[in-house]
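One structure, as structure tokens, below. Some questions next.
Here the chain labels run A, B, C and D in written order, and each chain numbers its own residues starting at 1.
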Amino acid sequence: MSLGFRSVGACAITRRATVLQLRRSGGGVARHGYVLDVIGSFGMGSGMPASRRGTGSVAVRAGSALARRPADKLRLWKMMVQLRAYDERATLLQRQGRIGAYPTFWGEEAIQAAAVLAVGDADWLFLSYRQNAVPVLRGLPPEQAWAYFRGDPRGFFDPSQFGCAPQCVPLATHLPHAVGWAVGRRLQGGDEVALAFFGDGASSEGDAHEAMNLASVLRAPVVFLCTNNQWAISTPLSRQAAVDHLSARAAGYGMPGVTVDGYDPLAVLGAVAEAVDRARSGGGPSLVEASCYRIGPHATADDPSLYRDEAEAALWREREPIGRFERQLQEEGHLATQDIIEEHERAASAMRDAGHRLDRMPVPTGEEMTAHVLAVPPPSWPRSSAPTLATAEQ
Amino acid sequence: MSLGFRSVGACAITRRATVLQLRRSGGGVARHGYVLDVIGSFGMGSGMPASRRGTGSVAVRAGSALARRPADKLRLWKMMVQLRAYDERATLLQRQGRIGAYPTFWGEEAIQAAAVLAVGDADWLFLSYRQNAVPVLRGLPPEQAWAYFRGDPRGFFDPSQFGCAPQCVPLATHLPHAVGWAVGRRLQGGDEVALAFFGDGASSEGDAHEAMNLASVLRAPVVFLCTNNQWAISTPLSRQAAVDHLSARAAGYGMPGVTVDGYDPLAVLGAVAEAVDRARSGGGPSLVEASCYRIGPHATADDPSLYRDEAEAALWREREPIGRFERQLQEEGHLATQDIIEEHERAASAMRDAGHRLDRMPVPTGEEMTAHVLAVPPPSWPRSSAPTLATAEQ
Amino acid sequence: MTTPPAAPGNAEPVTLVQAVDAALEAELAADPRVVLLGEDIGRMGGVFRATAGLQARFGESRVVDVPACEAGFVGAAVGMCLAGLRPVVELQFDSFSYPAFEQIVCHLARYRWRTAGATEMPAVLRIPYGGGTHAPELHSDSPEALFCHIPGLVVVTPSSPADAYSMLRWAIRHPDPVIFMEPKRLYRSTRAALPADPDPEGLLRARVVRPGTDVTIVSYGPSVPTCREVAEMLAARGTSAEILDLRALWPLDQEAILASVRRTRRCVVVHEAARSCGVGAEVAALIAEHAMFSLDGPVVRVAGLDAPFPMFMLEDLYLPDPGRIVDAVEEALR
Amino acid sequence: MTTPPAAPGNAEPVTLVQAVDAALEAELAADPRVVLLGEDIGRMGGVFRATAGLQARFGESRVVDVPACEAGFVGAAVGMCLAGLRPVVELQFDSFSYPAFEQIVCHLARYRWRTAGATEMPAVLRIPYGGGTHAPELHSDSPEALFCHIPGLVVVTPSSPADAYSMLRWAIRHPDPVIFMEPKRLYRSTRAALPADPDPEGLLRARVVRPGTDVTIVSYGPSVPTCREVAEMLAARGTSAEILDLRALWPLDQEAILASVRRTRRCVVVHEAARSCGVGAEVAALIAEHAMFSLDGPVVRVAGLDAPFPMFMLEDLYLPDPGRIVDAVEEALR
């Protein structure tokens, strides 16, 4: 068994002019990695088409301003390691035919972990398929998350138990849910915040617009977190939008918009935490864009070499967040090499065990097709005797 | 018969802090009336909520920069007068029970006439219900336009004959049509531009977003012209969007966005003409917002006193575009009072005649329900013998 | 600010739209989790005045005016259900349910299933539907069969003020999502007293509007009064027609339909929605599967055409009228 | 960059999805007004590879990759029709037609009518549909009946590579909007040679897949091969089943259905879409109206449940399988 992690040892960033431009902050050794160029400056720069002008108004956040307590950093790192272990185990399970097609999120761990850390326990997360492991960070057994990909209704869970809505398949359609949930909680006297993940592809759907506008009109406590990984299956960002940064949409809703480096967990944490605070204190919704690159295929069935240069993906793979964060934590003296090896091993072995539990889950019965469709099934239906499948218990 | 116009004699603008702020340009006697405040400045100004910050990036156009040849101005004015006569006659026809519910556009004549003048003959216009008279400016007999409101399929016309798509009832759904048409014409080697009207209410629909984004990605030659009249039936702009100017949306699509005074025909003409030129020369789509106020009810069946202070509407009524433009043309020496009276009389009488022709239109037959649904009706349908109803000919 | 809605148990007869208003008021008052969402429902009280007075009484956060974004606010209603509320959404007109279709099919109808029963979706979508009001294009559609084909939704429609009141109160309390189709043609056509004590159990059952022995006319919503008229005409000619008002379009009251047609041995189904794959097809199929050999005549459907609802000058030709229904009965009796 | 699509008249047998690709290629080559639109159809050749190689051959402006906005690009297709083009839109999966529903119902289906016949809408919406592929949630729906209920649309579905090829070429040339439902379970299940010379007249007619005398099994699309299998099983037991492949779901080939059931006097209808108000209901209603007294048994429907398409471990239980169909035939023969 491999250790299950592919942290990058050397900081071999090549300055490139493609899709997303990164540069070293301050010119010296990167501490918190990379901050995005001020968008206005490269938006106006060499060779950018005039249509990109509009992005000049996007606010930019430097990851370096957002250091946190060491304990938080370590917690964040452990969550990322757990996500990585889950993702790699899931990919393996798929290759072994133990689950069906699986949408890997390899490289997006910083965004997901930081977002979960930035919200409170009572806050809810609204997920796309690519955040399928986020409920695991909140206690869902991994085998139950995988049961979903095995086509087993036991993959379904009770959202209120984990503060996570189920992963949403139709793009952007969960964003209005986040708005309604947040407004609904506020109406009942709560101060909870909804955080909704969506992708660059999803940003083109009408529901993304309707949700952001509705949230801004109702001043709903919602954080819209866009994982802009530059790809929607085979569609590059340039074919998805005529702006480089989707945070440029925020101004049109009168809400703050910010772009952060999605490979920098502290930058994401800072931006999301600020947006969450603002939402909770009545300041309304925000749009946070975490820029990154979809390093893996769209899903296990996808062959990206059909539509993109995989050498580009390989370069981005070197920038993946976990190795970089570990290097930083080591430099700061919070982590030893041994800790790193042990944590990855622990996480990998927990996921291996979960995989075994998945194999032992009983096969669902046909009754489950109709058991939970309606609280009051019509008289013509056979009454189901199956209990609620809130969690898989073995 | 009244002269059919309610031009405002005196320039009695009160500076008010409500919905849309107008001020005199240059502080002296207004030439082209009023230009919008630079949005950034009043967006940041006294008492504006923080959520409005986003509007600071909106470009602003001064109407005064856009003088045109006198002949153009007179043509523009005559079109406005024709629209007014149509609208007032239609309202009368409705009161007399000769047509059904009718959505008056009283006060929006400057926007509609200027837009039609700004595009070329081969360009197409995509309309909402409130632009129902625009095809008349391009030759559709008024009685045929009214037949639509009488519930008569003879109100349907051949879009290619007038370069106008039929008025669209479901909000914003015609905006993607404009994009597809424009892309389609370009693919066939044409250089035509599509101009699409929509309202502040329509701007909240997903289709508005999808169309603007799609147009910007495809660099489609489309001008999106938003008549922001501050109301969507009973919903005020503040409940529709968290920005004061919907042109703020443009930046999010990487397209130019501009707000102009919708009561100033030359300001609208200038902004739309510039956007049309840009579109035609390959510069992609633009968003032009014409700010105004829905002076009339939503439609004849609506009672605005249920939801708004009609005194406010009355104030806006004083700012209506025709009287103001006439004053300006008089000051510039292009027009005498007698010309004004005569033109309004001519227009009103033409519309009165059209009303008579409407009354003489034969009642449609039941065959027309199925005649034009399919080019190839199924064998089980009775074949229709009715010919195409391209125009109502009497 | 407007006419106060009729109170339950009030002897004062009310119209169907007032009954809707009264039901909403009663449920808003009874349960703080009930929230209304819709375009123009607040100050204005809705384009049909079905929510008149409610925002004034219950405030802007329980009677919520929303921007023009049907997918957005139906989606928000799904989210509100997740937060434990019971949203009642007004879709302004039939055709304006189409932009919310994805939210309805993918989420409202499936969320309970997708959470293995852990989540309830007690939302109600109120949809004024049907023609006969001289309305503009796309304001007269009858999309109910679409919703009947979508698993996970309950679809109901009243045909009288009393049913509107009872069924809407029932729908709001029902734990599953209910598509509540309101026959807008009947909004103001008659008045009736509201029932003091609606029977919640019976509301998913078909109602015998008028008993008869020679033919069963199955209908619902806006066509029910027309069928009643037909029954009078037929009675004058010596034919006794039983009128069945389905009330629930999904699930169908299969027993009531089958029992009636087995008795009368003839059946006509009447609705104004398009014929193909409409509710009438489902009723006919039910009979073809379970009662074919009890019948002495064909199951005849009287429906809208498989053509767009026409411009309103022609709508009387499109809508099932007494003449067409009588012809169909004659066909069924042959 | 990918396998070249099979050429028409090529003796080389191809799969159904290759037949789709070949039909698109042939029409793109034959008519410069044909344009393809869809998510991932360009470089990638579509998630099912149904457009493989086409962008390389015809360029980015005729094989147009679009952002993820189904309403937007179906709406754009409506606009392209107005501009005189013949757009062919790929909706990536069945359920992703729902966000485009308003555009389909309000515009694609009504534009010709709304312009009194002056405007044609010769668009084709290609929708891969149905289950049986172990796909994720909302990737196995069968929404065809929804489209059959919408006036103004033609709805067709092939069940073999040869039909896919001929019917798609026909659909692209047809002047009315065609919803072209592609049975994704059959995309790669068999191979067949493409017809050199498809018969355009016959394509809206039902096809007798296998003649028989004792019972008519009416089906379409993905269920046709299952029905053929059932026919073999029944033949072994001495029952002769006639299999009718509808091909066109709207308009139905009423004559063919009625002629067959009048001959066999028994009928079973099979589809995997939900039962209520499905195509099976329409077929049964047609029989109940026009051939009831020719039948010696009930019209039995074998359909999906009125429940969401299940998670894929259970899909074999949901899909009409030979066992359920045989049971239904026995019921019809009783």
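As a working rule, a contact is a pair of C-beta atoms (placed from the backbone, for glycine too) under 8 Å apart; a residue touches a chain by one contact, two chains touch by 3 or more.
Quick caveat: nothing in here was measured; it's all calculated off a predicted structure.
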With centres defined as the mean of Cα atoms, the chain at greatest distance from chain D is chain B
Contact tally winner between B-C and A-C is A-C
Rounded to the nearest Å, the gap between Cα centres of chain A and chain D is 37
Taking each chain's centre as the mean of its CA atoms, chain C sits from chain D at a distance in Å of 31
Cα centroid separation, chain A vs chain C, in Å, comes to 42
Within chain B, the set of residues that touch 2 or more other chains is 153, 169-170, 204-207, 209-210, 213-214, 217, 239-241, 373
Multi-chain touching residues of chain C, meaning two or more other chains, are 66-67, 69, 71-72, 95, 98-99, 102, 106, 113-114, 137-138, 151-152, 305, 307-308
Chain B partner, complex, touching residues on chain D are 35, 61-62, 64, 66-67, 69, 71-85, 87, 99, 102-103, 106-107, 112-120, 151-152, 154, 174-176, 251, 254-255
Residue positions on chain A within touch of chain C in the complex are 124, 153-154, 156-161, 165-166, 169-170, 173-185, 187-188, 194, 206-207, 209-211, 213-214, 217-218, 371-376, 378-380, 388-390
Touching chain B in the complex, chain C uses residues 1-2, 39-40, 42-45, 47, 65-72, 95-96, 98-99, 134-139, 305, 307-308, 310-315, 317-318
Per the touch rule above, chain B residues touching chain C in the complex are 100-101, 129, 148-153, 155, 169-171, 201-202, 204-207, 232-235, 239-241, 306-307, 363-364, 366, 368-370, 373
Within the complex, chain D is touched by chain C residues 71, 95, 98-99, 101-102, 105-106, 109-110, 113-114, 137-138, 145-146, 148-152, 250, 252, 273-274, 276-282, 284-285, 287-290, 292-293, 295, 298-301, 305-308
